[in-house]
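Submitted below is the structure of interest, expressed as structure tokens.
Lettered A, B, C and D in written order, each chain numbered from 1.
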């Protein structure tokens, strides 16, 4: 592989990400399954980088899963997103930071559509006013939250406590990066690095000392497929797509998978468990599963946040061996605690526990 | 009849430029060929063999070499035409370096550029070692070294048609015409050199437009067992063993197909040359939506520009094979002579 | 059904790296004209069996070339060997013989004789 | 018959998603659905571009249009600038508006998506909420989720959240806000689509002699649409299968 070729592409697809003052919108899937990730993103932004991130508790889902599950019309989701723009406008914010990749794709699709069909923008303004009495300015920028961490990756690297580095072997960790399909496949110019060789996670991994694996199924979808997961009878589609990826990445012996899309991170963790149950197959160099992290969790580890306060224990593939490699001391007994600090029973059948 | 000697400048010293110069010189005119590269011949000088008869490309470059050995032709290498302007009865030609020359007529023969395959990012040219272009393969034939980047004799080679052609994603909606038959020719050459190597062409339509092209296509199947899969390759990835993994739909089977190859050859198409585009912009020449020069009429004015005394020859107007380029250049020369004698 | 209520799906991909091209080889060795088919579909358009059943010779030829033989077993039995396709084939493929050979090859394949 | 093509053309996604297809197959080559279902997005676009209303009607009633997972990988590479995924979205919308979705097993599943994700949006302000992902109906979520779910408050507190809190992850969305969402759904046709799905599903349940309730998820028709799998979705040649099926009867 020739790195120069990739660098040329990366240089072509850069976008302006604002320096400060973000209006943050949460993700259905991320706040449900990786609530700790959203929290650590805010901590890194506010405490480590000193940025102003506004969160208005009145914001909601963008309805994206409903939209791509085909029960929510385009006119409806446009208006829900317009309501978020209205909240940002009211609070004086012009930069939207989006937790979810599906939402990011939708925001982009809506803004692009309004660009080409101004009458639909007018209609949406009308609808929003009728429904809520709210009005809005178009945002000056929208960024996926991973774009923002990417922008500050070198600053974070300078402040980092740990590296993506195996202290037991002295070699960089081998990381599989997985980009959510809706990050750049629909609008390549809105993704850092474009659709074919996205740089958003590669940049973080390399800045923080890791080595990226480029494997044949790198660009394949995790298999969420909206209705293909939401409905039990369809889940064979979803798990099969993830399995295809695991089989393709396995020979490269990755130390971990990292994703910028909450759905992908969730599925690539969950399906490893289900495949083990159905087919008795585990992936990973030593048949121990491949820990699958959100990019916030990866950033949090590097910045020295407590893995259990980020929720790493709530993954089916436990990250203990990974933490040992990185030299992070984390007490496995403190993973599952109640509010009062007492130990809760450890779930059975976790991988790598 | 006495011929009044006139000075004609030709922008470009490839097939079209040289042939037009040859015709004009034969008729007694003084011709200056301005070629931006160091040598005459254009793209064909880098090619190994030509379709459909697979004669050595050297025979055509040899012919072109002889054609410019004419006392009426001055070949000026390393110089490009930047701008053409009409002043009264004549033309002034701005050339690289800032000098201007006068001419009675100008033939634009700035040719084409091969599509930069790196722009089709999904095929990984310039990233994955064993993804090459059709031009790279000709070079391998010239060097008589048909090996992968890591020195293996390939067991399987794939050819991807329409790379940079018929593709709005790279702003080229046109067909480049010659790539289909080039792929057939190259596939046969591979099979001759490496009888153990399987060859696959991934195509959307087989556009065998010239004499003996369809016959060559049939021969490639019948005699050389070349395989054809109807489907545009969706994606190429590097594998651990430095092979190239392909995803494509076999549209005739109606199912997705996956295959690894040792070498992937991208059939890069023709684009308006960058130098030609610059010249067109500076001189106010019209270009079509395909960005090639737009002549005054598609059917009976394909050599004619809107600027009096300026004529077009060859692939600066559209993708063409060598046969058609030579005919088109001769026609441009005839139009120029007609113009000069009427002055 | 397992406790999850779904199965891991089988792939419908034609995986050319693992597919078995013995049937193709058998036919090509005995009927070299098989190679020159360019998938115009003339055979399928004129096919008598194709009027009444979903028999598609053009597609069957493609599948044989790719080494996809599973669908072949059903397909070959549908042809009535009337030979109309051969009259129409612009490349002169002996289509009738191709079908006969395909039936023969699949039989041998199933008996491990290929 | 209504001009279905004209109706599709009123959807901006259809207008954007369909230019002239040249059947190159670049979409199918990377389509995750094409690998696991008898599905070929190229063919869907080719059928739609015939503008033949009978063909479009067949599609609206078919299983085919429900196989796509909307990853939108098809948009990146189409050399003619089509997006089969957007064409599918437009077809699905019309199929639901006109009630044809209940004609196919995969289409009938829309009812369950409406009753889960659809209702979560208006009830909780999010498509997915932690307390609704019951490990019993989601065994594939595995032991980590089961633990999280069973100790929701403890687990959330551990990562800095509060269940039904005032702010942060999985906060309670206030009634005012939910009212705004409901208004938006009323004004923009979202509620109409929900109603169309309900109405056609109730009719279908009656036709299939299945128990149906106007709320909740604990009844036969809901369970049926979530779990039913006739096993034909991967079959190589649907036509052959249909024919055989008829012959056996």
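Operating definition for what follows: a contact is a pair of C-beta atoms (placed from the backbone, for glycine too) under 8 Å apart; a residue touches a chain by one contact, two chains touch by 3 or more.
None of these values were measured; they are calculated from a predicted model.
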Joint neighbours of subunit C and subunit B, given as chain labels: A, D
Centroid comparison with subunit D (C-alpha atoms), farthest chain: B
Centre distance in Å when subunit A and subunit B are each reduced to the mean of their C-alpha atoms: 45
Between subunit B and subunit D, centroid-to-centroid distance (C-alpha), Å: 49
Distance between chain centroids, defined by C-alpha means - subunit C, subunit D (Å): 36
Of all residues in subunit A, the ones touching two or more other chains: 195-196, 219, 232-237, 239-240, 244, 274
Two or more partner chains touched - positions in subunit C: 4-6, 9, 11-13
Residues of subunit D touching at least two other chains: 30, 34-37, 76, 140, 227, 229
Chain contact topology (line, ring, star, complete or other): complete
Subunit B partner contacts - residues on subunit C that touch it in the complex: 12-17, 28, 32, 35-36, 38-39, 58-59, 62-63, 65-66, 68, 91
Subunit B residues touching subunit A - in the complex, by the definition given at the top: 118, 121-122, 124-129, 235, 237-240, 245
Complex contacts: residues of subunit A adjacent to subunit D: 26, 28-33, 35-36, 38-39, 55, 57-58, 60-61, 63-66, 68-76, 78-80, 83, 105, 113, 116-117, 120, 127-128, 130-132, 181-182, 185-186, 188, 195-196, 219-221, 223-228, 230-241, 244, 269-271, 273-274, 308-311, 313-316, 336-339, 344, 347-350
Residues on subunit D engaged by subunit C in the complex (per definition of touch): 34-38, 139-140, 227, 229, 234, 236-237, 239-240, 243
List of subunit B residues in touch with subunit D within their complex: 122, 162, 166-169, 204, 230-235, 247-251, 254-257
